[in-house]
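Please see the structure below; I have some questions.
Labels run A, B, C, D, E and F following the written order; every chain starts at residue 1.
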Amino acid sequence: MSLFDHLVIFPVLIPFFVAVALLFPGLSNSLRKQRAVSITANILMVVVAFSLLFKVEAQGIQVYALGDWSAPFGIVLVADLFSVLMVCLSAILGLAVTMYATAGEDKTGAFFHTLIMFQLMGINGAFLTGDAFNLFVFFEVLLIASYSLMIHGGGKQRTQANIHYVFLNLIGSSLFLFALGTLYGTLGTLNFADMADRIPLLSNNELLIAKSGALLLLAVFGLKAAMLPLHFWLPKAYSSTSTPVAALFAIMTKVGIYSIWRVHGVIFGDQAGELANIALPWLWPIALLTIVVGSIAVLASKSLRILCSNLVIVSVGTLLVTISLNTVQATSAGIYYLIHSTIACAAMFLLAGLIKEQRGQAEDRFVAARAMPQAGVLGFIFALLAIALIGMPPLSGFVGKALILQSVTEASQALWVFPLVLIGGLIAMIALSRAGTSLFWKNTGEKTSALKGHPMQYIAIGLLVAILPLMVIFGGTVNDYTQLAAEQLKAGLSLQQLNEVAK
Amino acid sequence: MDKLRKFVWFPTPYHSVLLWLVWQILHDFSRGHMVLGAVFAIVIPWIVAPLSEEAAVAKKPIKALMYTFRLLIDIAVSNYDVAKRVLQSNRSLKPAFIAVPLDIKDPVPLTIFTSSVSLTPGTVSVELSDDRKWLYVHVLHLEDEQALIKLIKDRYEAPLKEIFGC
Amino acid sequence: MHYFWVPFLPMLGIIVPLFANKLNRSACTLATALLPALALCFIFLDLPAVLAGESFSKSIEWIPQLGLALSFRLDGLAALFSILILGIGLLVILYARYYLSEKDHMGRFYCYLIMFMAAMLGIVMSNNMLQLWFYWELTSISSFLLIGFWSHNSDARKGARMALTITGAGGLALLAGIILLGQVVGSYELDVVLNSGELVKQSPYYIAILSLFLIGAFTKSAQFPFHFWLPHAMAAPTPVSAYLHSATMVKAGIFLLARFYPVLAGTETWFVVVSLTGLFTMLLGAYTALFKHDLKGLLAYSTISHLGLIVLLLGLNTELAAIAAIFHIMNHAVFKASLFMAAGIIDHESGSRDMRKINGLWKYMPITATLAMVASASMAGVPLLNGFLSKEMFFAETLEQSILGSMSWLIPVLATIAAAFSVAYSLRFIHDVFFNGEPKGLTKTPHEPPRYMRVPVEILVTICLLVGIFPNYTIGPLLQSTSLAVLNHTLPEYSLAIWHGLNLPLLMSGVAIMGGVAIYLNRKHLFKFAGMFPDIDAKLVFEDCIQACVTWAQKITMILENGSLQRYAFCLCFFALLLIAPPLFELDTTRGSLPGTPLNAAVLVAAILIIAGSLATIIWSHYRLIALLMLSLVGLVVSITFAYFSAPDLALTQLSVEIVTVILLLLALYFFPQQTPTSKSRPSHFVRDLTVASFIGCIIGSICFALMTHPLDSISAFFLANAKTGGGGTNVVNVILVDFRGFDTFGEITVLGIAALGIHKLIARMRLSVRTKDYAGRLWAKDKYPVLLSVVSQSLLPLFLLISAYIFMRGHNLPGGGFIAGLITSIALIQQYLAHGVDWMAKRVSVSYHYMIAIGLTIAGLTGLGSWIFDRPFLTSWFEYVSLPWIGKFELASALVFDIGVYFTVIGATLLILASLGKLTTTERLTVGER
Amino acid sequence: MLTYAILIACALICCALALNAWRLIIGPTTPDRIIAVDTMYINSIALIILLGIHQGSAIYYESALLIALLGFVSTSAFCKYLLRGDIIE
Amino acid sequence: MELVYAICVGFMSTCGIFLMLRGHTFTLVIGLTLLSYAVNLFLFASGGLTIGAPAVLSSSENHADPLPQALVLTAIVIGFAMTAFAVILAMRGRADLGSDHVDGIEPFDPLAEDKS
Amino acid sequence: MSVFLEVVVSVLLVFGSIIMLIGSIGLAKLPDYFTRLHAPTKASTLGVACILVASMIFFSVQLGHVNLKEVLITMFLLITAPVAAHMLGKAGLHYKVKMIDSTKNQHLAKKAYLQQHPDDK
């Protein structure tokens, strides 16, 4: 095995070792060195993630059998087009967030870079793993890292929001274990592919129990994904935490969505016989309601970060719609929209941080305040991101939205999706235009003395914002990819195929 | 504490022996574990050394063993006594506090003494005075206060004084 | 093929003004105008072919999955609009050079303007519906920026937002319409779509598509009931109004109707809806315009009225009507742009737009006055001007149509009335501004504008005259090719002559002019009449509506997200219950086929203990210390249960974890109230929570029972078979942990490490209030470190460590392992903390616990990496039996090294948590002061 | 005979545990409850040893050992809590 | 036996969840601990109950299902980490917010109002 | 296993558990805190020791070699139980738990209490 053969595990191991290295003396007491190491590591991760992507594109699915034990006995990492794409996304986000934080936010508490690295490790692990219990473990890794990151910088609001976030997720983790126990107790295995293979062997009663377990998993993933009615924690959590952390969290809901796709779209997907698509009857109304409630909250938002958090919820609803549509085309559209919304929301959170710093007491609330010293460039970025988030041209939002609308083929579904998605967009437009006009145009005329943004912060935002037009310009290529990823995802992977690939 | 304390091979030889013995008990005296046990018997005292304070050492090991043996017998005997008391009616109980004057001050023998008192069923040492001059003991059934105090001092404190030489 | 570059040139031009801004104003203007001018030249290069009836299109793939392509066409309609957009655009650029003041950011203004121009060009030249929509939305965005250009002005902000909201909403409807249309036709290319009219009209989605398109068009073109945004967009700088609200943006909706005329028009629905909307808008606009005192307000309503007229024409069921519509599009663009510019000059040079203040300007600016008078005469439809020609055609078509059946005569009558109002407000524009006495209360003396500011007006007015007098030579060919593009088949006969003889339309014109004069003469009565109706400010109404929506949304959100974790947790539990319960109700029986294990008394006692303990925990949950004691009872019984059911490893782990947890909870409890306030929880919540919890408990119990009684064909046999041979250990559980599923353990110790770091973060800067008495008011005991405890703890330490070594060493083959050993070591050290205190330990233990975590994780990680040397995947284990003389055979295994990593991580994490918490509490206590 | 002895012993210890639980629940004071838990730890040791003898397996020994060690830590922590509030100071 | 076991698991889950639905952080932590006991027992039982057959080779003839045991071990450790974090977070909440209520403030109590 | 040893083991087991039960009976029945404090020391000494000795004999026979492991548990209990009792006694004094009236020398309890709470007159 050459080093290149171990590529699949790099997205988990690099952050792990870097995080640990940052704890040792020599690095732990020099913030400058930490920043350098962290940024280098993140760049390396981007490189690794994309190398892996090209490898998977060229050679097909990559399977990495940990401990050299083949599935289903050992744990395997499975890098297919979809998971690798998610890893790339997290790498890019990680880089931007780290760069943004090096401007000073990493100073406001201990272990920032270490925790970011652990967080990325958890996220990547969750994307790559092909084992249900290992997914739980990586969920916990990313959760505990997120708990710790969320209180970074301290403050009452953060503590308060964190209490809600942590305790809800603790219930969620318990439910996760109940679900895993149920699935193991009926299917007798933990490997995703093997689970899918074994469903046809179940007796009627076992099927029903397995169904309960699988649906319980939906609640668990739904909590992470912030779908209705489990979304309540999100606005407070995302809007009160520190800027880079909020931006990184943009991908956390997507981990939930991703898991729903993996588990309910594939294991309990079309091929699952008696258990085929058991989540769909639930997901469809939930998806629509999530959009409705999210949009209402968008309209009600009183500050940019809350607005952006609520937009995350709307995007979750939209993604759930694509899951419920359950076609390759919809999945492909969903994957495209997922990349777009993650990056746009993350960038908006970063921007909100800059705006907050420059507006003094008013922070990012929609009230008149002193003019920002860098209103011009901030306003420009805001406009771009608003356009992207609303789903207007020329940025990627409109492509995603149009793809999703196109993928609705049944009239009965279109009757719901079209109005909701479009009115959701309209509400986002109203809210964001109100936000923009009050943040940038409504000034009290006070003298400005606030700090200007650090160049690193602008580079970080620029990095993310630049992706949005690229996703339109190279929309054809990106869509080819998402199409293949969706086909691969929908086709599923049997244990036999998995083990053949592993050889 | 000076961090550069001098390195000693066997900071606490009694402990080392005890550790080695315990290891053998745990592993039924197999050959490999005789070596491994020795390793631990040496290494653990090193690790623990910084956390140990100068403590009194038994100067008469044989007497100490005899003391232990006697204590075990006392425990067995008074157990029977207390079992009776427990099963009898509560009203026949005559619980009491007594204060035992102390002669030994050193923490280790003091601990052994108070533990001995507590271990024998029927008496529990509940408090030690600030100046370590008095031991307050709760007695489950007290007939003669002075006799009991004398018994305790003679039977446990005196031998301990001898063993530790204080 | 020059046309293909046309949409790109202004797009490139967007950035030009931003850079040119540093030059002087004229240079900036020139630089800005350069690329649009070039684009116009390109159009003219291709124009002859277009006029000859050709239509070009070219398409480059962009996002094929979406159906989006880089696809442009040039036909008559596109050419006409391109010329209007670029031509008038260039004039506006010139005009704005003089209009904008030094304070205004000229580069930014031009940037937005060119962006808008590019977007408009994109719309009219698109050969792909999605691309059309792409540009359509860009016009909304750029017009938002242009209207809000004077952002310090609240009217501008609100006007811009309103325009964006209305047109944006229309845009979304249009997108839906386009996607539906695309799905019906199977392509988004206009070449295909425009020739699929019949297919579309017969599709069941026709009505939906039509309504969505009409919403898009009507919002953009300010048709009733979406017309109200346009007057408020007048807060924009006048060049913007001259451009957007005469020739371009508002015409985009009209363009859309014209473009899709072959596809969507021709049905009853189309005729009725479109014509009636146009008719009503026309009347409403014309009537309202008369009463506006603001010059631009008057022009805005006039625009609405004329747009209505065009829409009405497109909705009439005669083919010539469409041609008349196109003709009027051109004419209106020309005279309305010049009028806006004139209004801008007046505003600029007199400082006011209020017609009650500005009077008699003829004296001060005769040339401008002349130009404005000619333009408004055109607006009124006076002969020899272009407005007259199209109006004449319009009248003629109103007479030809038959859409209202027997009531069709209403349309010409109403048209004449509208025309009369149009004459009246044109008259007002002339009389009230240039005559009617002297100016009142102006801040400055009006004068003629700079020479070149008037040039655009002059050019436009000249066009009015030329078209009005020589229609066939000036506009004839273009009109013809445009009409061809709109109708998509051979044209009917029509004539552009000025004189058609004495006919009904001429009579109508006459009546309209006479009526208009009469209305204007009686304006006092009319103003009084209009004054009786409350003046509704659409902006306020709109803002109020939005505000009401926002308030409503906030109320709903407050109700949903009430900030109560109890609510959220309940939702989670209830939702989970909803998901898991239904399948179980279908279950015949939970009992599976396996025979049950007979019950014995010990198990029964354990069960009673567990149930009593749990129940007691709930009952005494308010007395926290007691609850904790109950909990430790339950923990103990659970551990024994594990031992009983053949899981010694679990028993050991559960025991040690439980003790550490109890210690942690005790440490924390010191800072909490000892009792939970009881009165605070509502009884209804209590019952609600209990119900849900019981249901979930029942279901969990049922599933648990079912799982235990069903035979399971699991993968475990493999582990039992391969633990010794493949993993080198006989304790299968441990082999799974460090080998088969070592990656889980790897993740698990990472979790532990992260938790410790997070807790360290939490503890930093924590401020606590320390109590000097316990909850019952008892003073604390004096003795911090009871001597017995100290002595015994200290002497137990080596034994503790030895036992942890024992548990560690045997882990691979017998119950035990790194984790339990780590916990035992930690507990031994915690016992020292307990007995001797933080300071005593700090003096003696110089290890930093977070380094220890790092070391542990590194060891585990490097052990995993070690397998790479042997060309094996991460965490592949290695073991070998070694034989030494006298000692005998023993095993060396990499799993042991991995376990050392686990061991150190556990110690580091546990002690980092407990020791730093202990330290914190102690320092806090010192600052508060011990009695 | 051994089997019966184990059964009897087991029953007796279960009774003991039940009595301890009774004391734990009725209290009346917190120190009373701590004694009850402490006694339960010790009774559990006996129970586990009995289990080991019953199954003829030495594999439960460590559990008993651990309970012996940890019961003490737990009890002293609870007592320290009552006495000082802060157990690590 | 299985029935009794299942009842215990169900009952502990009920108690745990009920406590997790209360309003004070410390109670929640207690509930969490109780719930994780239930979870561990549940997960453990998913492979069936076996008496006297630990998954240690050569200790007995047949063996209990070792996989759930390994899973429970991992779950215990993770649960411990999470509980520890939750406890300290609860303390932090009390320190920062001045109240140990999960929402940072004691909710308005209509009953108390009536009494006074 | 020889009958003799079996008898010995059985007797030890039953005897030990009886002592333990008596201890627990004491805990449940004795009238006040300090009298109840004597119960666990009973259980943790002779009672559990008997059972451990029984186990020791049993496994020595079963494994075929001397097995002394249980000695360790006894040792631990003998070391720790009195300290635990001492701590519990201190806690009882601190709590000023009620004593039955027949308790002699109650002033000593008060005196012991004042050792730790000199301010609390």
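We take it that contacts are C-beta pairs under 8 Å (C-beta built on N, C-alpha and C of every residue); 3 or more make two chains touch, one makes a residue touch a chain.
All values reported here derive from a predicted model rather than from experimental measurement.
The minimal number of chain-to-chain contact steps leading from subunit C to subunit D is 1.
Two chain pairs, C-E and B-F, are weighed by contacting C-beta pairs, with C-E ahead. Centroid analysis (C-alpha atoms only) places B farthest from subunit C.
At the centre of the protein atoms shown, by the Cα-centroid criterion, sits A. Using mean Cα coordinates as chain centres, the one most removed from subunit A is B. Subunit F has its Cα centroid 58 Å from the Cα centroid of subunit A. Chain geometry summary: the mean Cα position of subunit D and that of subunit E are 22 Å apart. Centroids of subunit B and subunit E (each the mean of its C-alpha atoms) stand 39 Å apart. Put simply, the C-alpha centre of subunit E and that of subunit F have 31 angstrom between them. The multi-chain contact residues of subunit B, meaning those touching 2 or more other chains, are 22, 26, 111, 114-115, 128, 130.
Contacts with at least two other chains are made by residues 133, 137, 140, 144, 147-148, 151, 154, 163-164, 167, 171, 178, 181-182, 184-185, 190 of subunit A. Among the residues of subunit D, those touching two or more other chains are numbered 10, 17, 30, 34, 59, 65, 69, 76, 80, 82-83. Applying the touch definition to all chain combinations yields A-C, A-E, B-C, B-F, C-D, C-E, C-F, D-E, D-F. Residue ranges of subunit C in contact with subunit A, taken from their complex: 61-68, 130, 133-135, 137-138, 140-141, 144-145, 148, 151-152, 157, 160-161, 164-165, 168-169, 171-173, 175-176, 179-180, 182-183, 546, 549-550, 553-554, 556-558, 560-561, 563, 565, 567-569, 571-573, 575-576, 579-581, 583-584, 586-590, 592, 699-700, 703, 706-707, 710, 712-716, 718-719, 722, 726, 739-744, 747-748, 750-751, 754-755, 757-758, 760-762, 764-765, 850-851, 853-854, 857-858, 861, 865, 867-868, 871-877. Of all residues in subunit E, those touching subunit D in their complex are 51-52, 54, 56, 59-60. If you check the complex, the residues on subunit B that touch subunit F are 22, 25-26, 28-29, 75-76, 79, 82-83, 86-87, 90, 93-99, 111, 114-119, 121-122, 124-130, 136, 138, 140, 142, 145.
Put simply, subunit F touches subunit B in their complex at residues 19, 22-23, 25-26, 29-32, 34-35, 37-39, 41-42, 45-46, 63, 65-69, 71-72, 78-79, 81-83, 85-86, 89-90, 92-93, 99-100, 102-106, 108-109, 111-113, 115-116. Every residue of subunit C that touches subunit D in the complex is listed here, in rising order: 601-602, 605, 608-609, 612-613, 616, 625-626, 629-630, 632-633, 636, 639-640, 643-644, 648, 651-652, 655-656, 659, 662-663, 666-667, 669-670, 770-771, 774, 780-781, 783-784, 789, 796, 800, 803, 807, 814-816, 824, 827, 830-831, 833-835, 837-838, 914-915, 917-919, 921-922, 925.
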